[in-house]
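Notes follow the structure.
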Amino acid sequence: MHNNTAISELIEAGKWISQRGWVPATGGNFSARTNSGFVVTASGFDKGQLGSHTFIELDHVGNRSASAAKPSAETELHLCMYKLIPAANYVLHTHSVAATVLSRVIKGHSLDLDGYEMQKSLTGITSHLDTLSIPIFDNDQDIDRLSLLVSDHHLHMPIEHGVLIRGHGLYVVGRTISEVRRQLEGLEFLFACEIERLKLVGLES
Amino acid sequence: MHNNTAISELIEAGKWISQRGWVPATGGNFSARTNSGFVVTASGFDKGQLGSHTFIELDHVGNRSASAAKPSAETELHLCMYKLIPAANYVLHTHSVAATVLSRVIKGHSLDLDGYEMQKSLTGITSHLDTLSIPIFDNDQDIDRLSLLVSDHHLHMPIEHGVLIRGHGLYVVGRTISEVRRQLEGLEFLFACEIERLKLVGLES
Amino acid sequence: MHNNTAISELIEAGKWISQRGWVPATGGNFSARTNSGFVVTASGFDKGQLGSHTFIELDHVGNRSASAAKPSAETELHLCMYKLIPAANYVLHTHSVAATVLSRVIKGHSLDLDGYEMQKSLTGITSHLDTLSIPIFDNDQDIDRLSLLVSDHHLHMPIEHGVLIRGHGLYVVGRTISEVRRQLEGLEFLFACEIERLKLVGLES
Amino acid sequence: MHNNTAISELIEAGKWISQRGWVPATGGNFSARTNSGFVVTASGFDKGQLGSHTFIELDHVGNRSASAAKPSAETELHLCMYKLIPAANYVLHTHSVAATVLSRVIKGHSLDLDGYEMQKSLTGITSHLDTLSIPIFDNDQDIDRLSLLVSDHHLHMPIEHGVLIRGHGLYVVGRTISEVRRQLEGLEFLFACEIERLKLVGLES
């Protein structure tokens, strides 16, 4: 995929994600793996109004190949996800209320969901009886250290769809733009359901 | 009704339903009974952006008469609803947060609502003092087995407006497109109210 | 005010109200007092897509003067409000989740609010220290009987801004279209706040 | 900055804020510091449909220099914020459900947030481990008295991003229009998260 194609897809995805309220206050960042390396959103822009000047182009090892804009601080974690999951061509990092709150009130190291038909919107899940497990990592301003933690975890428990960062948000991956958007939408639906369910049955249930 | 008329109505309904967030992540499916059999949405499309190519045409016994697209896995349950309820000409299957969560936290075999004026948006209900009862079936990836369960239930307790599948969503029927849309909107309003009411008074109330 | 002016204002208000989700499933009805009597929405139409054919014209005593459409079942309660409150030129009847649920979980005969700055959006309220009291009447399918109850109540406790019908919705009045819309918006904001507050502090607080 | 530039920016901000539901029922008011003094919204207008005629121009000491419209009752508090915080060029005062409810259920004199990545959308906050503290003042219809209280507080505990008025809403400041909008959006996101978190863990946690 050419950089320009990826950038167009991410601009479109950004509008859609912003309308849902998942990238408030210039938060979030998006990236894609391309022929020449990667494209990733620059820091500090409204993700609902991206343009081609709001992207950074990186080469295959993640060095900036053109443009003087400041790459997002979390670029390192995007590159980490691409390294760990060879099939991933897109990474979307979003900040929804549901992802932020769920990842705080769930005290363990993963959000484990079952009993929801919508789990099947995640590639590889074929039944509501399966458990969908999304790892939760404690937030860390040191992105290198956080990336190392994610990599270590992946060695004995492969990450499939994405990860939650506690009190921070979601990183979700996909092979195609439609897969990554579907997985984001499916996960956000499940987070919204789980928050509502926990309000009714209590955190201890 | 001709297939094309039904398809136009379902495309329009899909936009409206998608805007309300009730068919996330390519979930949900819609169908209509027509002169030549049935039309039903194909699997895997965004239900807010349907086109004529995203529908499957079936004959009177439910066999595919044209088009090579994959019918939705839940087509069988649509056909089951048409068989059980001769007056039904439309079936909308949706996935809202409220329907998903209510059908999980209510442990019994039906959601029973009373005291709401909006119950009267359901055909045949004339007072808030009536009880509106929507059967809840446990989710099952085996749609034939699930359809059989729904049929058995209908024998001794006729289904009038629709059914809930636990942790999955709603199937709602109607004679006309406006009736099925009104019943969907009325039920979703009632689900939203009941969730909020239960948060305040507790699940045991 | 001419009927046509009132109808235009109510069509516009209907779009705005529908977008906020306060008249789902063809619910709700709107009216205005005019030179020649009253105009009121006909039954069974989507209140977000009103046209001049969806209104009934009534004379000064409330008899239908033209048009064969069925008046809304709740027209009687609109006429009752105009009789009780001579300054009222508009009545909007809406069905929001918050009004429906609050009027059920509050067991007494009024919703009493204080401590909210937004109370001042209601005409005559000048401080958050005032108590804003909205009477709650039990729902009744017999609108004549319900109207009588509202009239009786008004004799010893004058209704100022509107009334809640339990499990049903809100009737709000205003002298001008902008006043009635502002009062509707202010009350719905307060209902939304109060529902959230009660979730946090509990119903007994 | 010229008055006209500031007015254009605030008209645009008003549309955006109104769409999010943070200035219902003509509530809220906005202002900017300009070359010739200040511009501030006039009272009683829908903040989502502002025009140049809905602004009051004030000179450097806050006296009305032109226009006969009634300044917002809360203009005094805007001027107070500009006096206390020399770097502030914009003040947005909004009424969201979350700000209104949180400021009531939190009984102390500040809302203290930590553990949220989104705290970093507030200028000067660089880590989720920092505590973001927004002072809460009891509401008072006497704006001069309220302004005095805010000024006193500022002397021993400088206000950085804004203040909450209990049961009333938020005042947020910024050096540029994009900073004040980002800080508003970030704070509202945090308020929404904190309300949801408290519903799950309880007010005492």
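Going by the order they are written in, the chains are A, B, C and D; count residues from 1 in each one.
Following the convention adopted for this analysis, contacts are C-beta pairs under 8 Å (C-beta built on N, C-alpha and C of every residue); 3 or more make two chains touch, one makes a residue touch a chain.
Keep in mind that what you see is a predicted model, and the values were worked out from it rather than measured.
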Answer with same or different: of all residue numbers used at the interface between subunit C and subunit D, are over half used by both copies?
-> different
Hey, what angle do you get rotating subunit B onto subunit C on C-alpha, to the nearest 5 degrees?
-> 90
Report the inter-chain centroid distance for subunit A and subunit D in whole angstrom, where each centroid is the mean of the CA atoms.
-> 32
How many angstrom lie between the CA centroids of subunit A and subunit C, rounded to a whole number?
-> 45
Where subunit D touches two or more other chains at once, the residues are 199
Subunit C touches which residues of subunit D in the complex?
-> 24-27, 95, 97-98, 100-101, 104-105, 139, 141, 165-169, 195, 198-199, 203
Note which residues of subunit C are touching subunit D in the complex, please.
-> 115-118, 121, 126-129, 182-183, 185-186, 188-189, 192-193, 196-197, 199-201
